[in-house]
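Each chain carries a letter (A, B, C and D) given by its place in the written order, and its residues are counted from 1.
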Amino acid sequence: MRKSGSADFVYIISDALSSLKESKGTTALTSLTLGFSLAIFSLFVFVISNLNGVMEGWGEKTQIVVYVKDNVSSAEAMKDSIMKVAGVRGAEFVSKEKALSELKGALKGYEGILEGVDANPLPASFEIKVLEENNSPEGIAKVVGELKARDWAEDVQYSREWVEKLASFIKFMKIAAIGVGVFLGAATLFIMSNTIRLAVYARRSEIEIMKLVGASDMYVRAPFVIEGAVQGLFGGILAFAILAAGRAAIIGQVPSYLAFALEMPFPVPVFLLALIMAGVVMGVAGSLISMNRFLDV
Amino acid sequence: MIQMFHVSKSYEGGVPALADITLKIGKGEFLFITGPSGAGKSTLLKIMFGSEPPTQGQLILDGRNYIKIPQPELPALRRRIGFVFQDFKLLPNKSVFDNVALSLKVMGIPPSDVKRRVARMLTYVKLQHRANFKPLQLSGGEQQRVAIARAMVKDPAIILADEPTGNLDPELSVQIIELFKEVNSRGTTVVIATHDKALIEKYARRTIALEGGRLVNA
Amino acid sequence: MRKSGSADFVYIISDALSSLKESKGTTALTSLTLGFSLAIFSLFVFVISNLNGVMEGWGEKTQIVVYVKDNVSSAEAMKDSIMKVAGVRGAEFVSKEKALSELKGALKGYEGILEGVDANPLPASFEIKVLEENNSPEGIAKVVGELKARDWAEDVQYSREWVEKLASFIKFMKIAAIGVGVFLGAATLFIMSNTIRLAVYARRSEIEIMKLVGASDMYVRAPFVIEGAVQGLFGGILAFAILAAGRAAIIGQVPSYLAFALEMPFPVPVFLLALIMAGVVMGVAGSLISMNRFLDV
Amino acid sequence: MIQMFHVSKSYEGGVPALADITLKIGKGEFLFITGPSGAGKSTLLKIMFGSEPPTQGQLILDGRNYIKIPQPELPALRRRIGFVFQDFKLLPNKSVFDNVALSLKVMGIPPSDVKRRVARMLTYVKLQHRANFKPLQLSGGEQQRVAIARAMVKDPAIILADEPTGNLDPELSVQIIELFKEVNSRGTTVVIATHDKALIEKYARRTIALEGGRLVNA
């Protein structure tokens, strides 16, 4: 009785590679399906990452305005005091003069209305931005409460309605994105594993024969592992190519103020690598799981 | 080498294929199994090979007692047994050479040995000119000889051959049986299931006959 | 030599049905893949239809404002004259008084600024909406040109920037939607046809044997047609179920001002029927095309 | 009934399987084709059946001259010919009954006739107790008899049988050949490719022998 020799591993790999050549057809079909499925899923990831950016941008615009009493404190001192409030990210001073000129701008063509007005009745103010993590109705309320306690503060205004609407919108978008993401993830996983299962099914008698000739489970599995990896590799590259080509085709059409929508959420090599890795993991796992039940011969 | 005690086999659906078979095959023996179609010859060989578990009874292979041969031991066992399947079971996408080489490769034999042994074996079964053909490009008898070559190339301790000459002309049949006789003379246990009365008579070796799953002489 | 008898058709159907039972496994896998693919594609159609609605809503907001000279014509006469301009969909009169009170509202807290002003210096105006088909920079320009020619018109204002931005945004969204739609359509078609091809491939020897026994091409095709139809039927129903379940799961989370995003673009039965039809057509066509090359035995 | 003029066949890859075969088989004849493995017997039968086109030469079937039988005429032709394939070619997912019934169904025979004829045919080949089995649940010889039943059940004008007794015991082989003789006596042309010298001698019908693709006696 011979024990397995050192040539074992070489055979396992070389046989697996030549079996890959024999099943070019199904491998190609499976690669294409993997590629398209991955492309669909990553198109979604792409869109969501960029939408997230937009939503964060909106979040940044949430502003609190503190109108300040005349001649109580210096602008610098007030700014320092504001920046100390937990949750505040930035504050911009708007002087009385700037407020007036902004009003004039808003009334353009009818500035005459202000002709009789001598003293500037408008107060100076600070426009305040809050940190991302405080950008919720409760977080805003806390900041507003602290600002109101300042003795130089005349009034603190913010649009409760806008804040709440924005918060609920972002929450909804997150839920919808998770929902669609889970669905697309499940769908692509399902599609890929079914495709692999059908391809393996067509080769079940091969598996049986290999086992009957005395091949170890590893020997029988190897071609499927390699095939799965190759399918995943090509699938990942295909998915990347589809997305890159789609982006290239569309990018000239995009008005510049929308260009952010096509920004790559990750660096290109990371994206390509992630797609390939996802493809390979799915291909290998799918092949192994699908073939396992035919091994028991 | 191979012993069976009160082995019975019923397939799903309740078909009794073997009933109470007790049988001893010694090391280096040459045995014919005969019997009408459906008598249970293939089933008996498959039980010895571990690819069908018996429903009842016990099997002793190399002094080890099995009720059912456990899955992890099958590869090692099968590398020691050369099986010629009644339906050949060739890999359709692999060449004749690769089909025969497979049973050496799974044992980890070095490539140069594999080449030499497969080439010699193909010459023995007169298929050297078909080495690069795929099974579906072969005639029935040629396929059968590939199956025989695959079983014999590894110099197994036991050869189980299920109707190995059913698709061969009488001259070739004799040559193949001579091959079996030769490896047998070098110590290999050979068990052949066959319908071919002419061969059985010509070689006059120990012969057991099955009928309806029972031994009718032993 | 017997000619085909009347039992032919019965056999073709009954054999096809029993073959369906034999290949439950692959039929189920293929149905699932079809279902998921269709669901992905129709999720996209769903989102796009609703986005279209939103974009049309935005379009409606594009306004042209005509400021009118005091005491030249009556409001009714001017409105009639405006409505005669091609491309105008509606016009709303804003009186001098209303304009002033709107300004006061905008200056809330600082109304004092207007205290010295006696005569109302603000003109009356019309806010005008244009028809959908004129909602382009050129269409707007034409309407503006005509309105300027009215002798009672003091000034015509519209935000050229906003109109152009909106138009380019809508154009971009349409291109992006077509791009994504073509990609998703191609991807789902590809996935479905590959899946069917793999399933048929596993049965190629069956096709060969049927032909060798003397079956006509129709006899051999029938099981595949019926299988394709059944796969399509189940696939279509599955796709509908996925979408309906997803919508039901998400609908409670939606803030009311966003409910429009989940409106069904078509009546439910039409949607279901369309999905089933799409599935059946794809299933049948895919099966027939895939098997055809094995028929030549 | 069947005539061949200077028919040659080379498979892709340039293997010459038949060379310059001229042959006439009369209506109602009973013919054995013999010859060593790989001689071209199966190829000759496949050409008569239209499933392999000859590379050269002409074929006359029923007075119609074919160089290559056109695809649309194949179903009608095949319904008139019963072919027993060397590798059986049974549908693995269909029962024995359905496999045999298929060749009647494709002809549009009414269901009650189908039932009766299939049942009778299965009795002839001694498989009535296996009607609901799937091919993979049968022994080799049982599968072969299903293939024979499927070819004969339709009372074809011509029966082409490729090694129909390779997996059968001698008694059963004789019974099967008796069946062929019986349909032959009712006018069916029967062509059997076989290695079985015993059968050829026993029946002493016209026999042609191939060797390396050539007729060696005719």
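As a working rule, a contact is a pair of C-beta atoms (placed from the backbone, for glycine too) under 8 Å apart; a residue touches a chain by one contact, two chains touch by 3 or more.
These numbers come from a predicted model, not from an experiment.
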{"item": "Each chain counted as touching chain A and chain B at once", "value": "none"}
{"item": "Euclidean distance of C-alpha centroids - chain A vs chain C, Å", "value": "25"}
{"item": "Approximate Å spacing (C-alpha centroids) for the pair chain B, chain C", "value": "66"}
{"item": "Mean-CA-position distance for chain D and chain C (Å)", "value": "61"}
{"item": "Chain-level touch network, classified as line, ring, star, complete or other", "value": "ring"}
{"item": "Pairs of chains in contact (touch as defined earlier), listed by label", "value": "A-B, A-C, B-D, C-D"}
{"item": "Chain D - residues contacting chain C, complex", "value": "51, 71, 74-80, 83, 85, 89-94, 98, 102-103, 105-111, 150, 157"}
{"item": "Chain A residues within the chain B interface of the complex", "value": "1-8, 10-11, 15, 18-19, 22-23, 206, 208-217, 219, 296-297"}
{"item": "Footprint of chain D on chain B - complex, ascending", "value": "11, 13, 15, 34-38, 41-42, 86-87, 133, 137-142, 144-145, 162-163, 166-173, 195, 197-198"}
{"item": "Complex contact set, residues of chain C against chain A", "value": "25-26, 29-30, 32-33, 36-37, 39-40, 43, 103, 106-107, 109-110, 112-114, 116-117, 121-122, 155, 165, 168-169, 171-172, 175-176, 179-180, 183-184, 186-187, 190-191, 194-195, 197-199, 201-202, 242, 246, 249-250, 253-255, 257-258"}
